[in-house]
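This structure is in structure tokens; I'll ask about it shortly.
The first chain written gets the first letter, and so on, giving A, B, C and D; residue counts start at 1 in each chain.
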Amino acid sequence: MIRALPAFVVIPLVSAFVLPVFGKKGKSAATLLANLATVALLVLAIASIGKSGVYEVGNWPIRVGIVLVLDGLSSLMLLVISVVSFAAMLFSARYMEQYTAKAKYLSLFMLMVGGMNGVVLSGDIFNLFVFLEIASIASYALVGFGCGNEELEASFKYMVLGSIASIFVLFGVALVYGNTGSLNMAYISKAIQGSGLNAGLGFALALFIVGFGLKAALVPFHAWLPDAHPSAPAPISAMLSGVVIKTLGVYALSRVVFNVFGISIPTGWLLIVLGLLSMVAGAFLAIGQWDLKRLMAYSSISQMGYVVLGIGLGGLIIAGGGNLAWASLAILGGLFHLVNHAVYKSLLFLTSGSVEMSTGTREMRQMGGLAEKMPVTRATCIIASASIAGIPPFSGFWSKLILVVAAIQAHFYWVAAIIVFVSLCTLIMYLKVQRYVFLGELPENLQQTKENKNSMLVAMIFLACLCVLMGLLVLVPSLKQSILDPAVQVLMDGVKYSATVMKM
Amino acid sequence: MAVFYILLLFMIIAAIIAVETSDLLSSVICVGAIGFGGSLMFLFLRAPDIAITQIVVEVLGLIILLRATISRDLTFITGDREFFGTVVSVVIILVICLAGIKVVETLPDFGSAIFTKVPEAASQTYISEGLAKTGAANLVASVILDFRAYDTLGEATVLFTSIIGATVILRKKAKKMVEDPDE
Amino acid sequence: MKGMTVVVKTIASWVKVLIFLFGIYIIIFGHLTPGGGFAGGVILASSYVLLMLAFGREFVEENLPLPLASKLDCVGAFLFALIAVLGLVLGGSFFVNFLYQKYLPGQALNLISAGTIPLSNIAIGLKVGASLFLVILSLSMFKPDLSGTEKDSSFVVNTTEKE
Amino acid sequence: MPYALCFLLFMIGLYCAVVKKNMVKIVIGIMVMEYAVNLFLIMLGYRTGGTAPIVDKTYLESGTGQIAASFINTSVDPLPQALVLTAIVISLGSLALMISICTRTYGKYGTFDITEIRRLKG
């Protein structure tokens, strides 16, 4: 398996290099090729579960060359990326027929996937920056894909903030190199453990937190997300909300904070505060929205808050020398919420795309009564809404429950109260979606609305089934041990990462 | 040493002019000056590869920037965003600047490369064994195309991505008329 | 864009050849002297940009049409990835310099040395040159029409849709 | 001290990108930040009185073909140079995309002023 690690990057990149050569005529062949690539990635990601190891690119030893590192956390992220990209690609096969330049769209899509896989696998901090840029630049272009006024403006805003974030990350890399003389994350971590955190490294850590926080759209840095995510075509919104902010933001942040610099009490508190701010502000802003996709985008900010809160809470307990079982529960809650959110938020964006394609609008006040006209979309949307609001049998309930239990165990009662409160807000906003989109009077101009067909429905039903079944990931011990526990362990181990990587 | 200070001051002055002038064209030309200063600086820092790349990239980047500004209705957009926002950002930037002074002290002195102080730095291997292990006399080439070739794949891909992105953004018509492909 | 005067055109057509050759030199000797694929590729692109400035866009488009440049771009990127994958197949790991280590060690400081590094330089030079040419051509084909704030952007020139 | 000046250059770029309201000015600010970071990286690898990291015949010991100690002891760090080469090309790519977005937006609105363009709600 370890020998096949470059395939995670090579398959998407090579298919992206080949795809633009298909012009208008080879459109269906290009679509088929892109779908095959995502299926292959999905198979590889499933095969990589439970494996771990280091791949030395070019046979250079870890000190000299670049290494790809597969551990629990990266295989979890690979799985999430490939599941969501598989569904989004299936959905776009038909959805993107309304746009021109489909071959280029597919190419950019594959580049985005390749960039994210590269970020997840990289064991070298500069390499992480390079692949971060691939994924970000592809997503800037995809946000502006519609070329309308709104799209261009959102794309520009996203691009400016994203570029500033990238430069911050690059500056952080430069400072780290200036202080430790090394770029490999394991060696940097070792050097930091030896020398302790001086002002330069502390500043570099601050730059990393701001940079990755901008990519993750945590609250003080969230300005671009409510514009960018709704403006993109629906499958891209699903990718952006579902995986891009998680991979480029939360994954990179937790990798750097936990494994490279080592978690400390101030950074733990910082993550908790960022998480709480995002949760509360995102939820309040979302309730007031009337644009379907914009509401979902704000709710993404709020849900990312849960993830960062869980991870930060766990980090705080570890750094404070508390009970490690509580810490691992909090981190498990955060990571499990990350997986859940990837699935149901991408499903929600796909349903919004389906609604938009059929009705031609995103304004909720102009919709209504679509329940009869679009039964499948409606059913999947209900499942996703129930999940995100935390209704018991569905996936979102379990992750929120774990977070609440972890917060209570660690005596953060007010945090638990906020989690429950924000969950109620989430319930309200998705009841609003159900009420205005699917129930009520069917407006005159929407009488002709039809349900979408084929691949779009398959993609939505696939994700809906996952939403229902996802609870099994924590309820069935063997699944939990093979998928979630290794990922939690990576963050729990913290700076032991460097010793682990050097030994592998 | 003095040449570095002169060039850096030149770049900073050019940057201030580029930021503050109200004429967009002069601003773009000042960016060219910064890039030129940077290229000379790279040359004096013993990085001829970077100097060549910087100067040619500068030329093309300038053409791209000029393409965006020339023959446009260059309404002079003076002034900044709202006053309050400006003050807040300036204060934040000043705070970062003060922090930066602390940060700079932690770095090794200018002119004593960091890799000489780290016992297991990769750069020492590159210098002493690069030629024997890769056969390239230009050690920078041996690093970017052999030791760290994976980075270069990423870099070529970034360029590819942005060019595809640019052609996508500049394409003629974005949306087709809505039609049902099944019928 | 009819181009400039005949003096400029004559000089440009000569200088263009020189710049082009210089770009090729920079690429091919990238592993021995400063330079390499990126710098050389940018120089190749700038020779065409000079031609474009002197002769006008249409002339350059006849020489190197957009779809061809777009394909060259893809081919360059693909070749570089191919070298990497060949390293996996022939050398046992991704990006192994298999030519140098196994088949063609060459003598240090010679033109033919360093295995795959010159080949990678050529692939990257091709890719960078084609892609930068592409972006400058696309930008110069874009003609904004300031007559109104129309929704349908009919003024935007078709880039590579024709292919 | 040169590091501090470099840091100042970075801050000028950040100021420009955050405060200005002209789209091209924002792009210029980002470019200035990139120059500063590139310069900073190269400075980290500089040795006083160093040589460029390119081996030529004078640095090869005759007979053995080994690299002379005079090269090993004076060569500047090739690693930051490789990183900066990558970073320059990345910044060129993002510049091209940003300028395309600016040009296209200009075609729609006839201005580069972001306060006039802003159509989206906060």
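Here, a contact is a pair of C-beta atoms (placed from the backbone, for glycine too) under 8 Å apart; a residue touches a chain by one contact, two chains touch by 3 or more.
Remember, it's a predicted structure, so these values are computed and weren't measured experimentally.
Novice: Determine which two chains are connected by the greatest number of contacting C-beta pairs.
Specialist: Maximum number of inter-chain contact pairs occurs for B-D.
Novice: Let me spell it out: compute each chain's centre from its C-alpha atoms, then which one is farthest from subunit D's centre?
Specialist: Measuring from the centre of subunit D, the most distant chain centre belongs to A.
Novice: How many angstrom lie between the centres of subunit A and subunit B, each centre taken as the mean Cα position?
Specialist: Subunit A and subunit B have C-alpha centres separated by 28 Å.
Novice: Roughly how many whole angstrom separate the Cα centroids of subunit B and subunit C?
Specialist: Between these chains, centre-to-centre, one finds 20 Å.
Novice: Centroid from C-alpha atoms only, then distance subunit B to subunit D, rounded to Å. What do you get?
Specialist: Chain centroid spacing, subunit B to subunit D, equals 2 Å.
Novice: Can you pull out the residues of subunit C that are in contact with at least two other chains?
Specialist: 32-34, 36, 38, 70, 74, 77, 81, 84, 94-95, 97, 108-109, 128, 132, 135, 138-139, 142, 144, 146, 153, 156, 160-161 - these are the residues of subunit C that touch more than one other chain.
Novice: Two-or-more-chain contact residues of subunit A, please, as numbers and ranges.
Specialist: Within subunit A, residues 13, 17, 20, 57-58, 100-101, 126, 130, 133, 137, 140-141, 144, 147-148, 152, 155, 177-178, 183 contact more than one other chain.
Novice: Could you say which residues in subunit D touch two or more other chains, in rising order?
Specialist: 14, 44, 52, 54-56, 79, 83, 85-86, 88-90, 92-94, 96-97, 99-104, 106, 108-110
Novice: What topology does the chain contact graph adopt: line, ring, star, complete, or other?
Specialist: Contact pattern: complete, every chain touching every other.
Novice: If you look only at subunit B, which of its residues touch subunit A in the complex?
Specialist: Subunit B residues touching subunit A: 99-100, 102-108, 114-115, 117-118, 120-123, 125-126, 146-151, 153-155, 157-158, 160-162, 164-169, 171, 173-176, 178, 181-182.
Novice: Spell out the residues on subunit B that touch subunit C in their complex, using ranges where they run on.
Specialist: 48-49, 51-53, 56-57, 59-60, 63-64, 67-68, 72-73, 131, 134-138, 140-142, 144-146, 149-150, 152-153, 156-157, 159-160, 162-163, 166-167, 170-174
Novice: Write out the stretch or stretches of subunit C touching subunit D in their complex.
Specialist: So the residues of subunit C touching subunit D come out as 32-34, 36, 38, 108-109, 128, 132, 135, 138-139, 142, 144-146, 149, 153, 155-156.
Novice: Report the residues of subunit D in contact with subunit C in the complex, numbered from low to high.
Specialist: 52, 54-57, 60, 65, 85, 88-89, 92, 96, 99-100, 103-104, 106-110
Novice: Show which residues of subunit D lie in contact with subunit A when the two form their complex.
Specialist: For subunit D paired with subunit A, touching residues are 10, 14, 17, 23, 26, 30, 33-34, 37, 40-41, 44, 79-80, 83, 86-87, 90, 93-94, 97-98, 101-102, 104-105, 108-109, 114, 117-120.
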